[in-house]
Amino acid sequence: MKERIIYLDHAAATPVLPEVWEAIQPYFRDRFWNPSVVYDLGSEIREKIEEARARVADLIGAEAGEIIFTSCGAEANNLAIKGLALAHSQKGRRILVSAIEHHSVLNSARFLERLGFEMALIPVDEKGRVNPETLQKMLTPDTVLVSVAHASNEIGTIQDIRTLAEIAHANGSFFHTDAVASVGQIPVRVQELGVDLLTLSGISLGAPKGVGALYLRKGLRIMPLIHGGIQERGWRAGTENVPGIIGLGVAARILKERLPRKGPYLRRLRDRLVEGVLSRVPRTYYTGDPERRLPGHASFCFEGIEGEALVFTLAAYGIYGNTGSACASKALKTSPVLRAIGLPEVVAQGSLVLTLEEWNTEEEIERVLEVLPQAVARLRAMSPIWKE
Amino acid sequence: MKERIIYLDHAAATPVLPEVWEAIQPYFRDRFWNPSVVYDLGSEIREKIEEARARVADLIGAEAGEIIFTSCGAEANNLAIKGLALAHSQKGRRILVSAIEHHSVLNSARFLERLGFEMALIPVDEKGRVNPETLQKMLTPDTVLVSVAHASNEIGTIQDIRTLAEIAHANGSFFHTDAVASVGQIPVRVQELGVDLLTLSGISLGAPKGVGALYLRKGLRIMPLIHGGIQERGWRAGTENVPGIIGLGVAARILKERLPRKGPYLRRLRDRLVEGVLSRVPRTYYTGDPERRLPGHASFCFEGIEGEALVFTLAAYGIYGNTGSACASKALKTSPVLRAIGLPEVVAQGSLVLTLEEWNTEEEIERVLEVLPQAVARLRAMSPIWKE
Amino acid sequence: MFTEKYTEKVLEHFTHPRNIGTLEDADGVGEVGNPACGDMMTFYIKVRDGRIVDVKYKTFGCVAAIAVASVVSEMAKGRTLEEAKALRNEDIARELGGLPKQKWHCSVLGAKALKEAILDYEARISGQSREKGPQKPRRKQTCPDCGIENPITARFCMQCGAPLEKES
Amino acid sequence: MFTEKYTEKVLEHFTHPRNIGTLEDADGVGEVGNPACGDMMTFYIKVRDGRIVDVKYKTFGCVAAIAVASVVSEMAKGRTLEEAKALRNEDIARELGGLPKQKWHCSVLGAKALKEAILDYEARISGQSREKGPQKPRRKQTCPDCGIENPITARFCMQCGAPLEKES
């Protein structure tokens, strides 16, 4: 339909990597066996799953036994938050989550409120950062869990997880981080972050959809979310998404190799994009932290217009970006993340998020810089609230 | 490794159907977009998901809006049991599940016990049937939910769900059935069964692994299991397993077409198999209900031997069957299902389950009838408890 | 009436909105919505002999809001005030070939903006200044799926059946 | 020592078990396990000059149980009673190239069955009849993943780290 697509919404979905696609194909029809069965065919599949587990663990500096495969990032977040709280409620019933968490963290905590837990939102500053002192003040003896996303998929800000986790641990609280946006973009090492639980998802890693993982620190106990058989050592029942898991393993291996050169490349592209947009489109906000942010992440708010209309205007030129979080974007509310960083609601309406990958090119960025200013201008011209 | 495999463990896993494989391939690399995004590419994927929903609904006589896609049967069972109980606890806190339920039903109910619910097992007779009068007696005013599997994957018995559901409803209790083993094998119509919730899984339908579904009767409210974004209308968060869901839809369409001729064919094969085994292997139990059972399902217990050893002996001849439930078979316990139907534990050890599909042939069955008697005899010869 | 995605017609109006702009010498002006909520429309009408002879508008909002405003401007032009006031949001959605559920309220917005402009005109000629009554307190909840307002007591969206539980 | 699947060696022993059978004139017989639990082994030994000169066994159990019995019979033959008694389950598992976690206890069973046969022989020659003490009450739980016994208080399997919570 369009001559050529310039896809800049990699936070929402990535194509399956060629190597991953190659690797998973046999597991649909030829090697379709259930990994739980006792006979040799099942063992072959089980070995492949364990190989994938080792690779995912390797990507984040964990041990294989610390990885639990799930069906998506949302499930891993639910498992982490609910599972930890329910298993350790004797320690306390207070949970702290940052004000810019993904819905799957936020709503898991809300669910726990119904079971008698107490939940509080940790505010963030105008760059979306959790201030360690704020966390310190909000901790109480009965705070069992703190959850702060490693990086925001909406504004790109990277948190100082290590410091936050240390503060939580000093208080005897467990620490979870949602690293869906950061894994595969920047180095993520569980030891260095010092977290007890960490969520990742295949959607942003070039793995097939339908797979995610939770890192659960060795020896830590949680309550399963999906009870049943003894798959995933009893942490997560249900027949495994075999091609999904194998694919995630291959993707992890590839990403680990590529990470060192991917970061600088993305940062260069992104900086060109941001500099170009800010210099060509007046009254534009560059949201999030301009320094400590994901290398391929550019997020803006344009005064006077609404994000969906902008996304569609760009799409008419074959340029695909997003407005706010993909997962929430059908719900017609101002983004809670943009409200949390203190943007006026009317400004927050005009949000555009562009997330790059290593296959994006400089030519693509130049094309965006040509089209985007016109697109914004067109919508501003028809907006009753825009005054030059 | 083997010349030719005779695969008779379709309850544990089915190969992806050729038509399904054809249909899903574009959705990994070319059409990889997130169905939740606002722009046209996302809408295309969303439409495909809705098409799949309509097809799955059609297979079980439901409306599209009554289908919630999940990542597997276990998740659907957890969602049904926990979700219904938590949303309707004001009605009552007692849950009845049959003694031969899958672990994912059983352990969901056990989890609820920790939250203050009460759980009781409905016994079954020696054929594995729930007696309606037994259910009637066990119902109390505060029984909120009854869950009985439509058919057993271990002994093949089909329950009279309609009668059981009527009894539950007369008591004001909701009714869930795990139909993982029956959907695709026999006609399953939610209206005729009269159930409020029904679980199915892609594993036995020729769909890719990593997808299942819950039928939730229109207007009925449950608590989500995976909280987060508004995917699946808010019932189930997380980026959808797009190829999995599309594949399940195609599989549902194909199965609906094939069901009428598949049943009689499987029954004929199965009857030949059963008759041959019983006449050739002495001291063999044909477990489950010989009449009301899944057409492609044959389950036996052979005195004096242990099931895993039998499975491996057969596997050495390229014949693949299972012992007990795939999902539980790594745990070295006597099958609770076989205990529930009153088999002595030592007999229950020697269980073999063969589940056929339409691509199995008469030649394959004849070969099994050649090999199986020798395999049993070999193990009996080395067994200290076998006396001729 | 509900579509999974935007229809061709919606996208066509979005890409080429008709009658966009303002009327300096408008006989009636109607403004609805709230930029903080992400949607706002201002309609300008000229009236001759009880008929709308010209319409312009500005709109801040999503694709649907722009398409709705555009199609409303087309539908209004040439109609009598009574006909134009009778325009229901269903008519607008139908004219667009349907709307996604969660965009349904954009059609409401379009119908309302036009009506407000007509009421403004009528108030002007009757010499009364229209004073809007105080806002009623919100006893509503918005469906997260389709965006329709529901009574605070609803457990499912009246429009699309999505669950409205607080915790989900 | 733990393998994901059965080793070649295990499968080879399972397919061609050595020394299977009984010894009518055994000097010692050891029987362990319980058919209701799915595993039972009976070992028969002949002893000459403090050495095991012949071994036979019967086994009811899984692939691992059969392979373990077979390899134990090979390992025992020719050993002194003291050497044979010192055979630990780790030695047996190592000889088989490892065992899957959940089959670990089969190796325990093999070591025990052999030892029981030796103790039976020793009791016979010392003229005492071996009377087993009353069973201790079970304060153990079995790991659902690897089958190893754990103290009732354990929250994770000591052997494989699987969660031992009742509800999972």
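As written, the chain order gives the labels A, B, C and D, with residue 1 at the start of each chain.
As a convention for this text, a residue touches a chain if its C-beta (ideal position, glycine included) is under 8 Å from a C-beta of that chain, and two chains touch if they have at least 3 such contacts.
Chain-to-protein mapping (UniProt): A, B = cysteine desulfurase; C, D = Zinc-ribbon domain-containing protein.
Since the structure is predicted, the reported quantities are computational estimates derived from the model, not experimental observations.
Asks: For the interfaces A-D and B-D, which has the higher count of C-beta pairs in contact?
Replies: Most C-beta pairs in contact, of the two: B-D.
Asks: Quick one: report the Å distance separating chain A (cysteine desulfurase) from chain D, using the average Cα coordinate of each chain.
Replies: Using C-alpha averages as centres, the distance is 50 Å.
Asks: What whole-number Å value describes the gap between the mean CA coordinates of chain A (cysteine desulfurase) and chain C?
Replies: 36
Asks: Once you find the CA centre of chain C and the CA centre of chain D, what distance in Å lies between them?
Replies: 80
Asks: Residue numbers in chain B (cysteine desulfurase) touching 2 or more other chains?
Replies: Only 40, 107, 110-111, 223-224, 227, 230, 308, 312, 330-331 qualify.
Asks: Among all residues of chain C, which ones touch two or more of the remaining chains?
Replies: 144-145, 167-168, in rising order.
Asks: Throw together a list of every chain pair that touches.
Replies: A-B, A-C, A-D, B-C, B-D
Asks: State the interface residues of chain B (cysteine desulfurase) toward chain D in the complex, per the touch definition above.
Replies: By the definition above, chain B (cysteine desulfurase) touches chain D via 107, 110-111, 113-114, 304-306, 308-309, 312, 316, 330-334, 344-346, 349, 381-386.
Asks: Any idea which chain B (cysteine desulfurase) residues touch chain A (cysteine desulfurase) in the complex?
Replies: Of all residues in chain B (cysteine desulfurase), those touching chain A (cysteine desulfurase) are 1, 5, 9, 12-16, 18, 21, 28-30, 32-34, 36-42, 71-75, 77-78, 102-104, 107-108, 110-111, 115, 201, 203, 208-212, 223-231, 237-244, 308, 311-312, 315, 320, 322-323, 325-331.
Asks: Which bits of chain D are touching chain B (cysteine desulfurase) when the two form their complex?
Replies: Spelled out, the residues of chain D in touch with chain B (cysteine desulfurase) are 11, 14-15, 17, 20, 31, 35-42, 58-63, 65-66, 102, 105, 142, 144-145, 147, 166-168.
Asks: Which of the residues in chain C come into contact with chain B (cysteine desulfurase) in the complex?
Replies: 4-6, 144-145, 155-156, 160-163, 165, 167-168
Asks: Name, in rising order, each residue of chain A (cysteine desulfurase) that touches chain D in their complex.
Replies: Counting only chain A (cysteine desulfurase), the residues touching chain D are 40, 43-44, 46-47, 50, 65, 87, 218-219, 221, 223-224, 227, 230, 233-235.
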